Amino acid sequence: MTLLYAFVGAGVVGCGLYMILSRNLVRMLLGFSLLATGANLLLFLAGRVGSQQPPIIVEGEQRLGDAADPLIQALILTAIVIGFALTVVMATLVLRAWRQSGSIRAEDANAAEAMGAPPKKPGNTA
Amino acid sequence: MTDALLLVAPVVIPFIGAAIAMLARKQATLAAATGLVASLLLAIASALLFARAMTSISTPLTLLGNWPQGIGLSLSATLPGVALVMVTALVALAAAIYAPVDIGPRRRRAGYDPMMLAMIGAVNGAFLTDDLFNLYVWFELALLCAIGLLTLDRRPAQIHGAIRYAAFAMLGATFILLGIGMIYGITATLNIHEAAAALARTPPNVASATAAALLFGGFALKAGLAPFHLWLPASYHVAPASVTAVFAGLLTKMGFYALLLIFAGLFGTASESPSAAQMAPLFGIIAAATMLVCVAGALAQTDMRRLLAYHVIAQVGYMMAGLAIATREGVAAAIFYMIHSIIVQSNLFLGAGLIRRASGSWDLTRTGGMVRHDPLFAALFAVPVLSLAGIPPLSGFWAKMIVIRESLDAGMAWIGGVALIAGLLTIVSMATFWSDACWKETPGQRIRRVPGTGLAAMALLSAATVLIGLFPQGLWTLAQQSAYMLEIGR
Amino acid sequence: MPPLLLSLAGLVISLQPEWITRVALRPAVAAVYGRAVDVDIAIWHGVTPMLLLSIVVVSVGVLIVRFWQPIHVRLRRIGWIDAVALERLWDWSLRDTVVTSRRLTGWIQHGDLRRYLWLVIAMMVALVAWSVVASGAVPRLPPVGEVRIGLALVALVGLGGAIAASRARTLLSAMIATGLTGFATAITFMGNGAPDLALTQFTVEALIVVLLTALLLAVPLASPSTRAAGLRRVDALICTIFAAALFLAFADMTVIGHQSAASAFYGRMSYIAAQGHNVVNVILVDFRAFDTLGETMVIAMAAVLARSLLMSRGGDVPAHLSQPVHFSLHVTGRWLAGLLLLASVVILWRGHDQPGGGFVGGLVAALAFALLALAYGVGSAERSLRVNPLTLVGAGILLTVLSGMPALLAGQPFLTHLWWQPGWGLPKLGTTLVFDIGVYLVVWGAVLAFLFGLQREAAR
């Protein structure tokens, strides 16, 4: 199963990267969401796929028996939530850009680089 | 003052300040007051922490949650972290004093204070933490706050700049996350010191090689090293001056600190048996490329903020050169440069903001006349300009000289040569910058008065630069100690 | 005036050098050499070559001043000096440097975001390739082991969803395919012993769909490919190489023997020392609470950003005007929302011992209000909430940070959680619950800030 999950995780990351390279900002956004999901899946492998037992101490017991790695699960949970926050923030930015400039194409979102750009002709120097 | 309180104060004080500023967001003056008070308290706490770290025999350490080391999270007042916390507090205080110049009630209500305070807290957390994943969390917090501060006015340029910034940063963060996960998978620990020891024991393998590359790429992106630097000139100049000043001073250096921690600390590139030796040759190439490309970029600009933004990255190139010189002195040179650069970069942006206030434009063709109309400002501004150019006796001279000297000592003279060429170009750039921004007189130009709070903030930072310049020995000793501690942490 | 002052200062200093030597020169030289060096400055050292040189220089200077006019007339007559014209050389090389810099920068910083990101990914691939090849390591693969057909199929569906998303023609189908991958991942987590992860992933996917709908309603849904076929192939190639590298790296990683001392500790001590049965939750709110504190701040700052970027006013957006809603939702909406809210509190409460906790609780609470907003409109939902979402967030942060303070007063490190056993069969109470409530409030408030804002934007 490890090989399969590594394959699927890497594949999802690859698809996410492919979508990030699109010129459509919404596709890029969805690509980031896929990237995060794929990364979380790969992260899961770091805790080793083995036991299917959730890391919850059985009632009456004092310690955990053989179970999945709880530490990596805590890390992935944090990563999922942070990824969610960033996805939604990016969506908000794209929505604002759409409202302001009427375009979701990346090349139209260049007001930042156009601002204060040096003149094309070599005018004022020293 | 117990260690436990002092070590968490640089993170907790800004966070509590952010919470209060958030609850008080409707009243702009209350939010502003919270920001200023929090920065003051932070400065005091950081100074106390620094003093404690310097005077105690063992490194002050707090085990959060009272769990054993390596099991729970811990914060330790090692060098260079605690020195960087001190410098961060200085910059934060200067920014808080300067803020009334360009942060008005509308920007305050949009959330300037909570986001700025949270970002400072995140930077401090990164400087003090011992845990890899904790480091990642602070980077993500800083990223989010930066996006928020970039888009304070909701202007199209800001939104577009933020999209570019966010796209790069999220990509870099994913690389870092994958790298950290892989390190955990290899070493079974997230504590930097334990992981370093475990890595030193494992023979070279594909996983750790990939992890080294991923972590390098991700943090190089955050630090702004070429060719991962393209986001910075695309976004830093859209924010108000006080925001860009803090970004320029702290965020890239946070990324570089992580590079130091990972490569000098975790992988031990400056030691005798580095775990990721294959990455070392790349450092020099990337450092040289960054220095040259970015100084060229600065020479091309006519907008003050864009010019200074390029210099920010060029300076990171110098720091990287220090790391590329794979000796302990090289790392120390990088740390010295980092501390000098934080103060100088922030000061430059604050000054640029004041020039804009005075002359009404960011464009260098329309500025000027500061020397005649406001000599005090010109004197204060001359300090960071000359320091960046590397003119003695200011901090920049020592920083550049140390980097070049260490490169010669380590037999990597070509890096020293590139640093010299970049330094020459920097002098040219700063000379034209000074002449355009302050010296030249345009007939019929109206120069407005520069606010006193802005001058006060600049005075604070300029004084620090002059102090380092006149007494570099203290900082150099500190830098050498830092390099040593980064290494023996393994 | 300033030149006169400076030269006077020079004269004074050279006549009385002890002061400047002590204050500035000795420390400076010591700094360069790294050790103390004896520095001795005086006006008269006897008749030395230096003194003779000084006399020569001063004499030449006097001569130049005396014969200023004739010297310059002579120089101007010599033609080739003008041709070399160092001044013009300086100007010209400076201008050339700037022009070259502009061209170079224009070439590098071309403004096309896609090409920037492509460079980053390609560079990353090159770095990984270099690192692996130069380290001389050979990739190893773990043994195949047992294959659980059901989970294997789910995982492959996830991959299929990702591939479908990258080839989708419309944004809506791309979003649905992405959601499919997310749900498949959640089921994968569920099947591999990670119920907390599965819960969180499910709720997050559901919320992303709800929140992104606001975005998708506004933008054109049909979006033809923005890249030419050749470009797409190059992109696909780079991404495939990167994915292959990740596959090999992670597969290699699993071969290494893995004994996590921390996880063993958590398994042993979660109940005994931290009073919790759900080890993952105990890690989040106790063992690694500082991480969660940071993460909570991330969510809180996202809320501030939402408030600043999205419409916070604009009047009520009646549900029946924004999107058609079935009347059954109208009737049962309030009950369903109340049920969800109750469920969220239960999830929060029992998180320490069973799957759940502050995060999922907050997300479910936000879902409750999402339902209200869907059924009755954003304004009605906001009024039901009574407070501003940012107030919830601010209160939440204070709770999380303050829950770690009592420990400091007791002389223990920050975030050491304290417990109180009230007896009489009542459950134990601890500062972990305060921490978790803080997380709950922050997540709830932040998601609502986005929800209300995005729904208002969508209905504009």
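Structural remarks
In this document, chain identifiers A, B and C correspond to the written order of the chains, with residue numbering beginning at 1 in each.
FYI, contacts are C-beta pairs under 8 Å (C-beta built on N, C-alpha and C of every residue); 3 or more make two chains touch, one makes a residue touch a chain.
For clarity, every value in this text was computed on a predicted model and none was experimentally measured.
Set side by side, the interfaces A-B and A-C show unequal numbers of C-beta pairs in contact, with more at A-C. Using the mean of the Cα atoms as each chain's centre, the chain most removed from chain A is B.
Centroids of chain B and chain C (each the mean of its C-alpha atoms) stand 15 Å apart. In this assembly, the C-alpha centroid of chain A lies 25 Å from the C-alpha centroid of chain B. Spacing of chain A relative to chain C, judged by their CA centroids, is 11 angstrom.
Among the residues of chain B, those touching two or more other chains are numbered 133, 137, 140, 144, 147, 151, 154, 163-164, 167, 171, 178, 182, 184-185, 190, 233-234, 300, 432. Residues of chain C in contact with at least two other chains: 94, 98, 102, 105, 109, 111, 113, 117, 121, 246, 250, 253-254, 258, 260, 262-263, 266, 288, 291, 295, 298, 302, 305, 309. Across the assembly, chain A contributes residues 20, 42, 45-48, 71, 78, 82, 85-86, 89, 93-94, 96, 109-110, 113-114, 118, 125-126 that each touch 2 or more other chains.
If you check the complex, the residues on chain A that touch chain C are 1-24, 26-27, 30-31, 33-34, 37-38, 40-42, 44-49, 51-59, 61-64, 67-71, 73-74, 76-78, 80-82, 84-89, 91-96, 98-99, 104-107, 109-110, 113-114, 118, 122, 125-126.
Chain B meets chain C in the complex at residues 2, 4-5, 8, 12, 15-16, 18-20, 22-23, 25, 62-68, 70-73, 110-111, 114-115, 118, 121-122, 125, 131, 133-134, 137-138, 140-141, 144-145, 147-148, 151-152, 154, 163-164, 167-168, 171-172, 175, 178, 182, 184-186, 188-190, 202, 204-214, 216-217, 221, 227-228, 230-231, 233-234, 276-279, 282, 293, 296-300, 393, 398, 401, 425, 428, 432, 470-473, 476. Across the complex, chain B meets chain A through its residues 133, 137, 140, 143-144, 147, 151, 154, 156-164, 166-167, 170-171, 174, 177-178, 181-182, 184-185, 190, 233-235, 237-238, 300-303, 305-306, 362-365, 432, 435. On the side of chain C, the complex with chain B involves touching residues 24, 27-28, 30-32, 94, 97-98, 100-102, 104-106, 108-109, 111, 113, 116-117, 119-121, 123-124, 127-128, 130-132, 134-140, 245-246, 248-250, 252-254, 256, 258-263, 265-266, 286-291, 293-295, 297-298, 300-302, 304-305, 307-309, 390-391, 393-395, 397-398, 401, 404, 407-408, 411-417.
On the side of chain A, the complex with chain B involves touching residues 20, 25, 28, 32, 35-36, 39, 42-43, 45-48, 71-72, 75, 78-79, 82, 85-86, 89-90, 93-94, 96-97, 100-101, 109-119, 124-126.
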